[in-house]
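What follows is subunit A paired twice: with subunit B in the first complex and subunit C in the second.
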Partner chain A sequence: MTTAIAINGVSMEYVTPEGTTHVLDNVSYEVSEGSFVAIVGPSGVGKTTLLRLLSGLQKPTAGEILIRGERISGPPAGLAVVLQDYTRSLMPWLTVERNIALPLKNQKLSKADRSERIESSLEEVGLSGQGGKYPWQMSGGMQQRASIARALAVRPSILVMDEPFASVDAQTRFDLEDLVLKVRDDFGITTLMVTHDIDEAVYLSDEIVVLHGRPAKVRDVVTVDIPFPRSQIQTRNAPRFAELRTHVYAMVRGLE
Partner chain B sequence: MIARRIWHWLLAILIGGWLPVLLVTLWWNASASSENPFFPPLELIWEQFKLNWVFLNVPIHLVPSLQNLFLGFAIGVVAGIGLGALVGVSGAVSRYVEPVVDFFRCIPPVALVPIFILLFGLDSAMRVASIAFATTFPILIATIEGIRGTNLVLIDTASVFGLSRAQMLWRVRLPNAMPVIFGGLQVGFQIAFIVTVASEYLGSGFGLGAFTLIATDSFLILDAWTGVLLLGLLGYALSLVFDIVERLTLRWYYGQKQLA
Partner chain C sequence: MPAVLRRIPAGMLSAVVALIVWQIIGSVGPLAGDSFATATEAISALWVLVREATFWLAFWETVQMAAIGFAISMVIAIPLGMLIGLSRFSYRSSKFTFDFLKVIPPIVLIPIAILVIGPTLAMGVALVVFANVFSMAIQTAYGVRDADPVLLETMRCFRMGLAKQIRYARLPSAAVQIGIGMRLALAASLVVAVVAGLVGGAGGLGTFLALTQSAGNADDTYAVILFLGAIGVALSRLLVRGHRRLVFWVGR
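Presenting the complex of A and B:
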């Protein structure tokens, strides 16, 4: 399999007036094309920091990140994000449709192509016909669907999500998890997702990266050898699921 | 839905309108038998008002005032939002500009009129410049504050989606700042109105300020009162228009607030 993202010896330090925080220490990891990777670790370990580095929003203090062999030096083309705080990541002055249209302005698309993209993205996330609503007229789960639709509309090859379902209720969360799996299936997008929910990580991914320590290192990479397609009821009740989650849980807690 | 909205509007106007109606009624009755030459009956003022302003004096006194007001305000809006956007976005510029802004905003706007007379002479360029200058500061300050307040999640999301700096400003930071900017526009407009009248007190034969002042100086008390009455009505009407524009522009903001 080809490598979509290569993280090579990345370290990150935040320098503030209060002092220097060493967050990531020599993190290396390779993401294969089309795979689903979950990043887990205790709160404050540096998961968001790693995603920000990947998204080109910050530069690492040492090391480099390559996307298809090219070193990134800013937000990479073909990468889209969905952030945790959906109440603040959609523009409240634009309808959902126009929110989705905004990143498309810089892609050379005909008017017809653009509306086709918007329509099909809305359909993919189950929001057909809802594009005329404002984000604040929607529930949290629907807003997060809209964020995903916006990400899909740019036809990304890499989708990066930071705890995207942290603040929706359990049922909505299951629905959104299955939505994300469907999206990966339909488009073959390489997906990286930070989550603090270990069950969610096991349910969704091909591989789980466990960050641990201060500064954080890659403590373990767990291959989730549960076949696709997965289902909320069967997969979560499989013995292998229980084994993996116990293992990952111990890793996150630093017990093993 | 629409019908309910209109009903709410009417109700608001009824409730908000009773106080002015009461005051006018009081004024009308209290002044009806007044013998004081400086406090004539409202009925006489009203008769004179119709003579003066429907529409005899409109072209020479109302039109120039409105022209100065709108032109000055428009320049102030462009300058205030333009500079504010620049300062809000760039940390480097703001370090130099902000002390200057803080200094000028503390000077009462009307106090600057004499200085502008020195600079521009006594014609309408002076008046427009005074209005524009005074209007700029509240709008500038609101714009800086509004643009600084853009939340980081929005900025991060937009930069990952590849928006350019110009798009970031125009499509994200400015719309996001609009509710705060409108606060500045409101204050700016009130100041513009005051400065419009004040600037006509000096060296002008035209405009509402000049009309009222000349009438007072010539003991044309009724005329003076009609000028004041017109200013009051005008101020009220303009602020009503302003509210409507704000409500329409910030529909998303009020809608969101209503649900929260």
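Presenting the complex of A and C:
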């Protein structure tokens, strides 16, 4: 398998007037093309920081991040993000359609191609015909679907999500989990997702990266050897699922 | 509450109560007499005034001072505020000076303004501009800075540059503050335009008031005050509605 993202010896320190916080220490990891990777770890360990480095919003204090062999030095092309806080990442003054259209302006698309992209992305997330609504006219789950549609519309090769389902109810969460699995299947997008829900990590991923410590290191990489397609009922009741979640849980807690 | 009363808007009710209280204070107690008008005296004086051309001419002058001054301040302050707000450094460094300048009451500048410009409409306009421009600029700058960092970072991730961030994130978020600022500024413009006439002889209803006052005509004086109050309320209503339309997403 080819490598989509290579994280090589990445360290990160935040320098503030109160002092220096050493958050990540020599983190190395390679993400295979097309795989689904979950990043887990205790709160405040540095998961968001790692995603920010990957999205090119910040530069690591040491080490480098390569996307398909190229060192990134800013938000890379072909990367799309979905954040937890959909109310803050969608623009309330634009309809969902126009929210999705905005990032597409970077790509030289004809008007017809652009509206086709918008419509097909909305359809992919189950929001067909709802593009004319404003985000605040939608439920939380629908807004997060809209964020996913915005990400898909740019036809990304890498999708980065930071606790995307932390603010929706349990049933919606299951639906959205299956949605991102479908999206990965349909487009073969390499997906990285931060979650604090270990069950969710096991259910979705090919691999789970466990961050631990202060500063954080990669404590372990767990391969989730449960075959696809997965199903909310069968997969979550499989004995292997229980084993894996217990193992990951213990590591996140620093018990193993 | 009886059904009839419930249909009357609360604002109307309190206005009626205020008029009654005014009437009582003007009829009995220490303020009763020629130097103060009762509500009924003021209203009937106003009824006469609104049929006089000189009154409307004076009103028109005040409107001109307020409107031109208001427009000039917006044209200066909004772009200036946008510029200041784009960097944290320029915002922080301007804020102190602007906060200082915006609390200077324009009335203290009237002697200088009379010296430099003379007691004219232009002086009124200048005072209105001075009254608004600093607070409006800082309000705009605040709105620009107030744009949600999560949104701005999302835009950066999608590789939308500074121009798009200004147009689609900073401006709409500033619109909320600009709208609030404009509401306050318009009310202040009217007040300052009147004061410029009253104290500085710049003309308009202010000067009209000065004349009725020096003639000892309390009825006309309070008629004009009543009229100005009503205009202020109407204006503010209109602006609240306009603002709600402009930033329709707020509070959703």
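Before moving on, here are some points about what is shown:
We adopt the following convention: the second predicted complex is superposed on the first by the 256 of 256 C-alpha atoms of A that agree within 3 Å, B and C clash if a C-alpha of one lies under 4 Å from a C-alpha of the other, contacts with A are read in each partner's own complex, and residues count from 1 in each chain.
Everything that follows uses one rule, which is that a contact is a pair of C-beta atoms (placed from the backbone, for glycine too) under 8 Å apart; a residue touches a chain by one contact, two chains touch by 3 or more.
All figures in this text were calculated on a predicted structure; none of them were measured in a lab.
Once the complexes are laid over each other on subunit A, subunit B and subunit C cannot both fit and instead clash. In the superposition on chain A, A:R253 makes contact with neither subunit B nor subunit C. When the two complexes are overlaid on their common chain A, residue A:K59 makes contact with neither subunit B nor subunit C. Legend: residue contacts after superposition of the two complexes on their common chain; A:R71 is shown touching neither subunit B nor subunit C. Within the superposed three-chain model, A:R214 lies out of touch with both subunit B and subunit C [touch as defined at top]. Of the two partner chains placed by the overlay, subunit B and subunit C both lie in contact with A:K105. Looking at the shared chain after the overlay, A:R240 reaches neither subunit B nor subunit C.
Of the two partner chains, subunit B and subunit C are each touched by A:M91.
Counting contacts by the rule stated earlier, residues 55-57, 75, 77, 79-81, 83, 85, 88-89, 91-94, 102-103, 105-106, 134, 136-137, 150, 154 of subunit A appear in both its interface with subunit B and its interface with subunit C.
Note for the complex: subunit A touches subunit C at residues 55-57, 75, 77, 79-81, 83, 85, 88-89, 91-94, 102-103, 105-106, 134, 136-137, 150, 154, 160.
Only residues 151, 153-154, 156-164, 167, 171-172, 175-176, 178, 252-253, 255-256, 259-260 of subunit B touch subunit A when the two sit together in their complex.
Listing the residues of subunit C that touch subunit A in their complex gives 148, 150-151, 153-160, 164, 168-169, 172, 247-249, 252. Those residues of subunit A lying in contact with subunit B across their complex are 52, 55-57, 75, 77, 79-81, 83, 85, 88-89, 91-94, 102-103, 105-106, 134, 136-137, 150, 154.
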